[in-house]
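Below are structures written as structure tokens.
Two complexes are shown next, each including chain A; its partner changes from chain B in the first to chain C in the second.
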Partner chain A sequence: MNSGTAKLQRTIFIASFIVPTLLFFGVFTIYPTLQALYYSFFDWSGMSQHKEFIGLDNFVNLFKDPIIWRAIGNDYFLVLGKIIGIMILATFFAVALTRFNFKLASFFRSTFFIPNIISVVVIGVLWNFIYNPQIGFLNSFLSLFTKEQVTITWLGFQHHTIWMLLPPAIWAGIGFYMLLLIAAIQNIPESYYEAASLEGSSQWHQFWTITLPLIWEQMKVSILNIMMTTLNGSFVIVWIMTEGGPDNTTQVMGSYLYQMAFRQYHFGFASAIGVLILVLSLVTTVILQRLMRQETVELG
Partner chain B sequence: MNLGIRNPFIKFICYAILIVWCISVIYPLIWTMMDALKDNQQFFFKKPWALPEFPLLWENFSYVWSTYNFDRYFMNSIVITTVSTTLGLLLAAMTAYVLARYKFRGSNALYLLYISSMMVPFVLALIPLFFLMNSLHLTNTWYGLSMVYASSVLAFGIFVLVGFFKGLPKELEEAATVDGAGYYGTFFKVMLPLSQPGLITVAIINVLNIWNEYIVGTILINDPEQYTLPVEIGIMQAEMQYRTEWGPLFAALMFTIVPILIVYIIFQRQIASGITAGAVK
Partner chain C sequence: MISKKKIATMGLAALMLTLPLAACGSNNETTNNKPANNAANSGGTNTDTATNTNNANTGGETTDAGTKLTGDFEIQYFVGGYGDAWWKKVIADFQAANPDLKIKAMGGAKINEQNKPRWIAGNPPDFVYIDGPELNDRQLVEDGQLEDLTGWLETATNVDGDKILDILAQAPQQYDGKVYNIPLVLNSWGIFWDKALFAEKGWTEPTDYQSFLDVSAKIKDAGITPFIHTGKYPYYINGAFLFPAIVSANNNDYTVLQDMAANKVEAYESPAVMTALNKIVELRDKGFIDKGSVQINHTDSQMLFLQHKDAFIANGLWLPNEMSKDVPEGFEFGFIPSLAQDNGGKVVANTSTATVAIAKNAKNKEAAKAFLQFIFSKAQASQWAELSGAPSNIKGDISASNAPSHVKDAAKFLTDANTVVIPTITYNADVDKAMQDASAALAAGTIEPADWVKRVTDAVKKAAQ
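Take a look at the complex of A and B:
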């Protein structure tokens, strides 16, 4: 009897701590996510109550749409560019700020994280100003070296405008991964480096034989994370800087979803784009994990 | 015995790269401040890096504050960030504590549900969320947006706090139980105060994310009375095509950046530990 009450009390306690959170999460996160999968099978303008079930037609149309292929290409261009740019710079900064005995290392570390705390809208506005054809930084700077005023519309090329979105994306992303790698390097016992130094091994050699193998796990996490956040979230900066233009050349999947849903009211089609983003990010995760499946050195 | 770099040339190159990057981070902040004090004349006829001319146009700030209603947006952002951070933290801490300390049927599955949800792109849920909020009459309300934000930070909070609670010694709870504190007393009077460092870390990271959030805010809020700062900045910059008010635009950016910069300067350490909490294990 007594143990029965105790058990009941325990159950009530657990339920009272689990259920509110789960309800909240269910209503505002799980339910909309599942609903999106459901919408992707319908033709729906959003305004009317009427949804027409069209099976896989949204997906068929999606793959016939040349814009989605360009968007996928742009997405993976950003993924690749960001992985290369961020990983090289973040690793360099992390090593330089931990292993090189620089003065001011902690100042640099705090400063380099600042872009990560600034809203992506603000970053978009700042970089738009850098690229502004009339009054922007870049053209004014180039004009110092030319006779005539430079008036390049940096965000209006017919091809390759997506390249212009890479610098802001890298600039804004580095701090986070740098902190991650710094923490990983600080976890490496100092004695490893001491032994290597006694044998006369150079910094460069130590980086390849000690640091890199021991932070490889965190580098993998970083690469996967860059890929996921890019496929899922890079559209915000694209939307603010170019709205996918000119002529849909900088469209990424997320921005195309946004445009299809909230500008053109093809909610079913847009949901299909969302499903595509989900599928591609899961598939890419699996592929990248396979590619990077190298022996990880465990710290004993 | 870390001797650092000895070759002076390589050392110079490394320093140069660090300093260039440092400038690329700090300079935009300085130039945002300077440009917030200029009039349109200076934008069109002077170099963008020119110092603002005297008299400095401090009016740009008061102009944005009152004419552009930034007083309102600022308050909206503060209220929404505070409410959703508090709510999200409490809900996450409760579940995290139970998941860390009690085994029950489905506890593992529940943990996995929250963790795996971090893999699902949020943009997928955006469309149904809009219609859901509409039918619940929660669009264009500060509490509606706060609830969505609170929900969006749950998974991260649970992830970090489960690890944190697991790291706390069990003896303290046992002592509390012996002293006659019930389940709830143990949690609120013993565990919550003990886990303050973890809670602060999660709270600060949530504050950063929510204060800066743009896309959900744009979709769920159409009423200008209810805009948050990032939503209004997005609108302001789109309007720049028709009305050129560069000075006020940069003043508006300052209103968004400065509060979060202050938070960052105060809580740097917690932010860094929050970021590395999950990844380095």
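Take a look at the complex of A and C:
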């Protein structure tokens, strides 16, 4: 058999994997993205047969809209809060469950992972009950320590209500990243730690000098992933818990997009928000990757 | 050996290529099974979609003087709180009366989204029931999607020969003097309380603003929060308290609300609006409004009300039906459409409705009009009340029908000569949102009435551009 047919065969074989994926990617990702970009240049209600081309007016109006600035601020607040909260807790749990041999490790591993298999919608509803001012768990718990019944409206502050969405978002995210880091830690040869112990290195020192550098690659991936899923998906938890309220204090870009497209019938404007989310995600990814560029320590 | 391996590899490759395509193919097939629908319509996957085929009923009577309706006739109806029992029944009745018509009913909780591509493509169903999310009558009118019914309605009679306009309890909304949609339901916003609790505690049931304030003070002293509203969806407090209060302060003249809906800035700046807003402030400053209101949704606020954590709730007449499974024993709903009127003043009922319309691009307008004549009849009115649990928008005595008792009471209230009935009004969606945000903030104490007016008039000016 000659090399020509072998090459052709190889090409066909590779294409059989790439072409369907590319097709689906094109139809379900590239096409809608271009479509959104296209609509963002129109004044369109989302229901009308007619669209009016208005150039960049949607973007001009977008940047004049005070709510979008608050939404961007809230989004980045969630990104930052989730990265810090999830990474610290996930790393802590991962180290605790791998480096300290205690009996219930596998039980805790499963327990911490449970929020990940619950739908975000259920998590939102659950935390709504925790935050309920009259029959909620949080107020009932706090009331144990006070004379009078505590009636704090946790989701109804005039400012900074977005802080209240951070705990459920972190709680929901820990499990997955914990597993990722556990896998990374388990890949580190035990001999490194043994050697360090023999040299008299403390657990804390071992964590900083062995564990952390060797799982940095996975942490980087985790941080990028948290950032991207938050910018694109914080919509769900916001929509379930507050719908962007009260008075737009918890609006994020995704929830404002939904509000504009399907509640206030400005589909063109909403598409412009969609384009903004895409651009910000890309820019933030590039910046974060630059910031985290550090020589990867590889296992020798 | 080699060739076998080669065949196997090629076979695998071919399989990988064709599998996803085959999946696509079978999808297309299901979509194509639906006749007359364009490919964008995802109705094929909707289990609620019912297709009424010709059921060959020969006993039916023809609707109009000898005209025989033929061809396809498509009806889009949203299925929500009022259910679909009436729609199924009335469509079957209409089919029986017009055996040659091929009726296709498209109903469901997601039908508004499912049919959206067809409206955008200019291929909408002939007849639409406007209710539920993602379908707004004012927006449909502005988008030029609805048929102008002004001329037709001036003379149109129903199947019994009554003039339709004469038998409607609330008139259709006018957009620049034109009518595009007709209200089908007559429901009302208002304030509820538990009569049993009031009797037990010796509180007087309120009839006007002053008695509302008086009894609220007593309720507060007794350790119960007087008033709760659904702060997550502030249209409840707007519909049940603010809008009736504006009308009361405007000498029972509801045209101020219609001017507001027509984006007239001066209507929002009228003293009546300020008076009404100040009443919310008074309730707020006296500590009558449950502070938890700001964050809770309708189900939670209704549960708190049923559990006697709050004495009054701003809601609508669908509440007893909606919460029927959770109403505690001995609970007795007391209801009044408005509580902002002066002593001796008329009660103001702000109606909540859902309307029906014909698509401008309908292909069978004749059948759609005949269907309008068919559904706006006394027989269908009592059937609606019976099957949907809400009063119909057709005047008439339903006391003899099988409708639930609270529906009969409501109908009596809304047809009383001493009640000012605000006809259905849909505000511009941006302005409506601005009013909701502002009312929630006002009730929570974040802003003052002047801020409310400023915010809303800014939204009005922007929307009017």
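Please note the rule applied: the second predicted complex is superposed on the first by the 271 of 300 C-alpha atoms of A that agree within 3 Å, B and C clash if a C-alpha of one lies under 4 Å from a C-alpha of the other, contacts with A are read in each partner's own complex, and residues count from 1 in each chain.
Simple rule for what comes next: contacts are C-beta pairs under 8 Å (C-beta built on N, C-alpha and C of every residue); 3 or more make two chains touch, one makes a residue touch a chain.
Given the structure is predicted, the values throughout are model-derived calculations rather than measurements.
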| query | A:45 contacts which: chain B (first), chain C (second), both, neither? | reply | second
| Dominant toucher of chain A (residue count), chain B or chain C | B
| task | Classify the contacts of A:146 with the two partner chains as first (chain B alone), second (chain C alone), both, or neither. | result | neither
| query | Between chain B (first) and chain C (second), which does A:262 come into contact with in this model arrangement: first, second, both, or neither? | reply | both
| request: Determine, under the contact definition given at the top, whether A:158 touches first (chain B), second (chain C), both, or neither. | output: second
| field | chain B versus chain C as contact partner of A:13, first or second or both or neither | value | both
| said: With both complexes overlaid on chain A, does A:24 touch chain B (first), chain C (second), both or neither? | reply: both
| message | Taking the superposition on A as described, I'd like to know which of chain B and chain C A:242 touches: first, second, both or neither. | response | second
| query | Regarding the shared-chain residue A:134, is it in contact with chain B (first), chain C (second), both, or neither? | reply | both
| So which bits of chain A does chain B touch that chain C touches too? | 9, 13, 17, 20, 24, 46, 128, 134-135, 262
| Mind pulling up the chain B residues that touch chain A in the complex? | 1-5, 11, 14-15, 17-18, 21-22, 24-26, 28-29, 32, 43-44, 47-49, 91-92, 94-95, 97-98, 102, 104, 110, 113-114, 117, 119-132, 147-148, 150-152, 154-155, 158, 182-184, 187, 208, 211-215, 219, 229-230, 233-234, 237, 246, 249, 253, 256-257, 260-261, 263-264, 268, 271-272, 275-276, 279-280
| query | Okay, in this complex, where on chain A does chain B touch? | reply | 9-11, 13-14, 17-18, 20-22, 24-25, 27-33, 35-36, 39, 46, 89, 92-93, 96-97, 99-102, 108, 110-115, 117-122, 124-126, 128-129, 134-137, 140, 171, 176, 179-180, 183-184, 187, 190, 193-194, 197, 203, 218, 221, 228, 231-233, 235-236, 239-240, 254, 257-258, 261-262, 267, 270-271, 274-275, 277-278, 281-282, 285
| remark: The answer for chain C against chain A in the complex is residues 2, 6, 9-10, 12-14, 16-17, 19-21, 116, 119-122, 133-134, 136, 139-140, 142-145, 231-232, 291-292, 294-296, 300, 303-304, 309, 429-430, 433, 437-438, 440-441, 444, 446
| note | Within the complex, chain C is touched by chain A residues 1, 9, 12-13, 15-17, 19-20, 23-24, 45-50, 128, 131-135, 151, 153-156, 158, 242-243, 245-248, 259, 262-266
